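Order of writing sets the labels: A, B, C and D. Residues in every chain begin at 1.
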Amino acid sequence: MDIQSFKEVAKKYKVIFLDSYGVLRNYQGILPGVRDMIKFLDDEGIAYYVLTNDASRSPIQLAEAFASRGIPEITVEKIISSGMIAREYLENKVNSGTVVYLGTERSAHYIESVGLNTLSISEVDLANMDDFTAMVLLDDEGFDWNYDLTKAVNILRKKSLPVIVANSDETYPLSKDHVSIAVGGIADLLEPLSDKIFIRFGKPDSQIFHFAYEYAVTDLQMSISKRDILMVGDTLKTDIIGGNKFGIDTCLVLSGNIQAKNAEVLISATGIIPNYICQSVST
Amino acid sequence: MDIQSFKEVAKKYKVIFLDSYGVLRNYQGILPGVRDMIKFLDDEGIAYYVLTNDASRSPIQLAEAFASRGIPEITVEKIISSGMIAREYLENKVNSGTVVYLGTERSAHYIESVGLNTLSISEVDLANMDDFTAMVLLDDEGFDWNYDLTKAVNILRKKSLPVIVANSDETYPLSKDHVSIAVGGIADLLEPLSDKIFIRFGKPDSQIFHFAYEYAVTDLQMSISKRDILMVGDTLKTDIIGGNKFGIDTCLVLSGNIQAKNAEVLISATGIIPNYICQSVST
Amino acid sequence: MDIQSFKEVAKKYKVIFLDSYGVLRNYQGILPGVRDMIKFLDDEGIAYYVLTNDASRSPIQLAEAFASRGIPEITVEKIISSGMIAREYLENKVNSGTVVYLGTERSAHYIESVGLNTLSISEVDLANMDDFTAMVLLDDEGFDWNYDLTKAVNILRKKSLPVIVANSDETYPLSKDHVSIAVGGIADLLEPLSDKIFIRFGKPDSQIFHFAYEYAVTDLQMSISKRDILMVGDTLKTDIIGGNKFGIDTCLVLSGNIQAKNAEVLISATGIIPNYICQSVST
Amino acid sequence: MDIQSFKEVAKKYKVIFLDSYGVLRNYQGILPGVRDMIKFLDDEGIAYYVLTNDASRSPIQLAEAFASRGIPEITVEKIISSGMIAREYLENKVNSGTVVYLGTERSAHYIESVGLNTLSISEVDLANMDDFTAMVLLDDEGFDWNYDLTKAVNILRKKSLPVIVANSDETYPLSKDHVSIAVGGIADLLEPLSDKIFIRFGKPDSQIFHFAYEYAVTDLQMSISKRDILMVGDTLKTDIIGGNKFGIDTCLVLSGNIQAKNAEVLISATGIIPNYICQSVST
């Protein structure tokens, strides 16, 4: 297994897609050397975008979090979240009525910005659902799991609705050793109980990569081929297989989910093969 | 589809296994005619046992519920629950240490009766788990889903434990139109997130049928062949396929999960074929 | 359920994506009225493309089949197959070595056109696999299932390779009442046995829709928004949910998989809701 | 991880259940020291039975294979196969009509011994299936996979039948490095394509353990508790979890599927914990 310098790898590309958690930050904050790497990319004229499975906050809020932690270079224009893909779906396909959601009010505000009414599942009256046009799973916080998950199942048993999972991750890390169940895990619980087929957005699904690709072409006002783009991530089953499937080169960094000693075994065991392996983005 | 009289069917057998919910009772209480049917079985000298996927209460509490609703004939000796199978497992395989559980204190008391310490997952200190010897999923009530489900995942990521699902049902009915997520549904959420293989007890698994069979032989002090037993239930995917697989005859009643108009389609669609179909046990 | 005239629906759009089997043709040949509908679209200036899950033949061969059956208007430029998406993947991600495949020689010729060596799995020497860079599942014909499926499992157990499923359909219709196992069904068998994560192309995955969208923009040399496009198909779980997820309007036709009497139940049961329902494309 | 002497472990029990492949034999023949171990058990008065997931041969044929390889002590009375459980099911539940099967003629002869007609799926006329009462999957050999697997799907789409999987193993070893797809793997392919729910026999399902337990009680004419029995196997996901769930002690041997260096990791990763670990049964 050949470990390479990230900066040497990055210089071969015009555009870099960066995963956030495990690549730029972790539970303790921004990873060492990330700001220097961002400056390096800016100096070299290499464009970059953050691709993150997150629907709990708007891109503005995500950018504010980077700024407040010392990386103001990652502005809202640099951020592409799975919540944006879910929002685009609602804009294109659900242009009226009330969208019921699991998540915080903050996560719902962002959905409202396409002109839809939203209603928390906790406030749904099961006898009065005529106006509902979709259900969206946004965040694992902001509701009572004991009551509202069962309520979500009953809504879907009574009313045929498209169900949008705005972040397909099953867990997210809380600390070095602990994880929390994410909204994608909740979706895996609700889907078989409701007998509906859910629509999942976020890596590894290719739609977020297409969105990012088209966004970059527009943003940079230049022609970009898939060969010009590198996806950088710490997770084989989201970042790397997603990038591979979309047809772009991929780089696994060992600063998050996967430790150096396990990388080769995991790559061989899954058949998910990155083009490069780097210790971190600061190398 | 030929609908038969339950009493005529029952007379062909020496022992009847009766599912509880949808057969003897529903959300409104005991179904009409059940006590008469029980008297009929007693008069005819046909033995009967209630086989129920329930680990939230002890057999004593289940019998008290029948007595308080007007059927004192269904005594504790007539009741076989999936919680009893889980308890037998703990007795045979886990004879020391602390068993951590999801469920109410009431459900845990029953587990304690084999001489094990129990600890609610809500009270677990993740830094102090040396003494743990098993995890048991007992009931969907008695804990905070927001915190304790994630805690269960983290316990299993740190400590290798056998996980016992004492009731594999995914949902249970609350009223005519509403269901609640049962502890088997919670198990389906936790199992992939913890990467462990869980042990599930309760219909359709054959262990509860074997337990009931051996229990009946001992209780009745007579020789019984599988051909002498009839399993009666309202659910194809638990009662009927479980009875079929165990090798006994099966009778679907239409007083619960399945309506008469859908029975033939569902039987054909699943390939789960009961020997008899009756409107209810009171016919 | 409101059944509409397809031509009235089509007039609202600039571009139509048409599924092939069950929409344009079936086991008996081209469906009645299809050529008239194609002429109607041409007369109205509505662009159309055929989106088909097929990797057994090249687009040229697919176009020849339409021409030989009386619809020369569906030229190779109108055809987008899942095999094209698989071919694009190989071009972008696998630029050297030997690609091993399940399928006919005919299906492999098309893969070779990007400059890769191909080798049928039946001809693989398990002691000599250094040069292999990918495995592609192309077609359910052209190999011996008794030997070559087991051989595919053994190749993947010995060598870490990306596995591309060029058509994710599990079955395809042979006649009114009979189906055949398709290469997507074979993939479902091989994936758990080899412990690898396969990459699947074809509807409902969004990559074929993106490919078609970008193809249409280039081909028509005009600006197209997702709101200008209609996906027409006979299958909820591929055509309709795929189109919905991509963010375009969808039209279910009742000339294939789904009969009129079942449409409402199936839509309600799955939560996959088309924008329109039409008897067939000739209405 | 504490590696113990098998003979020291065995002396604690009255009855030993032995897995066959990986414990008594492998692709090269009988493992070294097995006959001595068998004599040791006989000398010590410890009863033993072979529990094997095999439906391709009758117990008589399995015993002949042991005898011809130098272990005549393993007579037909010592052998309990998953095929025997399937046969008991057919005897109890399917007492007339024709049973269609996938497998060799040899495997079907054994089914015929309960008085049922059998018909290979290859010989089924899809227009003439009135007499069919069950489908049994017996062996991965004896039929043409290209034609007969698709034919099995079409039979099940046209006719509602119980489907019995007489061996739930997904693969079996052909040599040190190679596996073959077993009939349980074929069942995993056919089940979702036919939309039926199959009945699977063989470890880890508890029915074979119950059968063996009752068989031993009758055979030995003595009272046996579950605490008197040890299950010995080389596979966590069949032998060990199956024995654990049935409530008997379990012993993992490292002479088959699992190598010593991986045992601890695999036990921890799955939560399937044997009571003992031994290098082989000859220690």
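Criterion: contacts are C-beta pairs under 8 Å (C-beta built on N, C-alpha and C of every residue); 3 or more make two chains touch, one makes a residue touch a chain.
These numbers come from a predicted model, not from an experiment.
Touch-path distance (fewest steps) from chain B to chain C is 2.
Counting hops only between chains that touch, chain A reaches chain D in a minimum of 2.
When the CA atoms of chain C are superposed on those of chain D, the rotation angle is 180 degrees to the nearest 5.
The greater number of contacting C-beta pairs, out of the two interfaces A-B and B-D, is seen for B-D. Taking the mean Cα position of each chain as its centre, C sits at the greatest distance from chain B. Distance between chain centres (mean CA atoms), chain A to chain B: 40 Å. Averaged Cα coordinates give chain B a centre that lies 28 Å from the centre of chain D. Among the residues of chain C, none is in touch with two or more other chains. Here the chains touching each other pair up as A-B, A-C, B-D, C-D. Residues 126, 144-146, 149-150, 153-154, 157-158, 170-171, 177-181, 185-186, 188-189, 192-193 of chain C are the ones touching chain D in the complex.
Residues 88-89, 92-93, 156, 160-163, 194-197, 199, 205-207, 210, 226-227, 237, 241, 244-248, 267-273 of chain B are the ones that touch chain D when the two sit in their complex.
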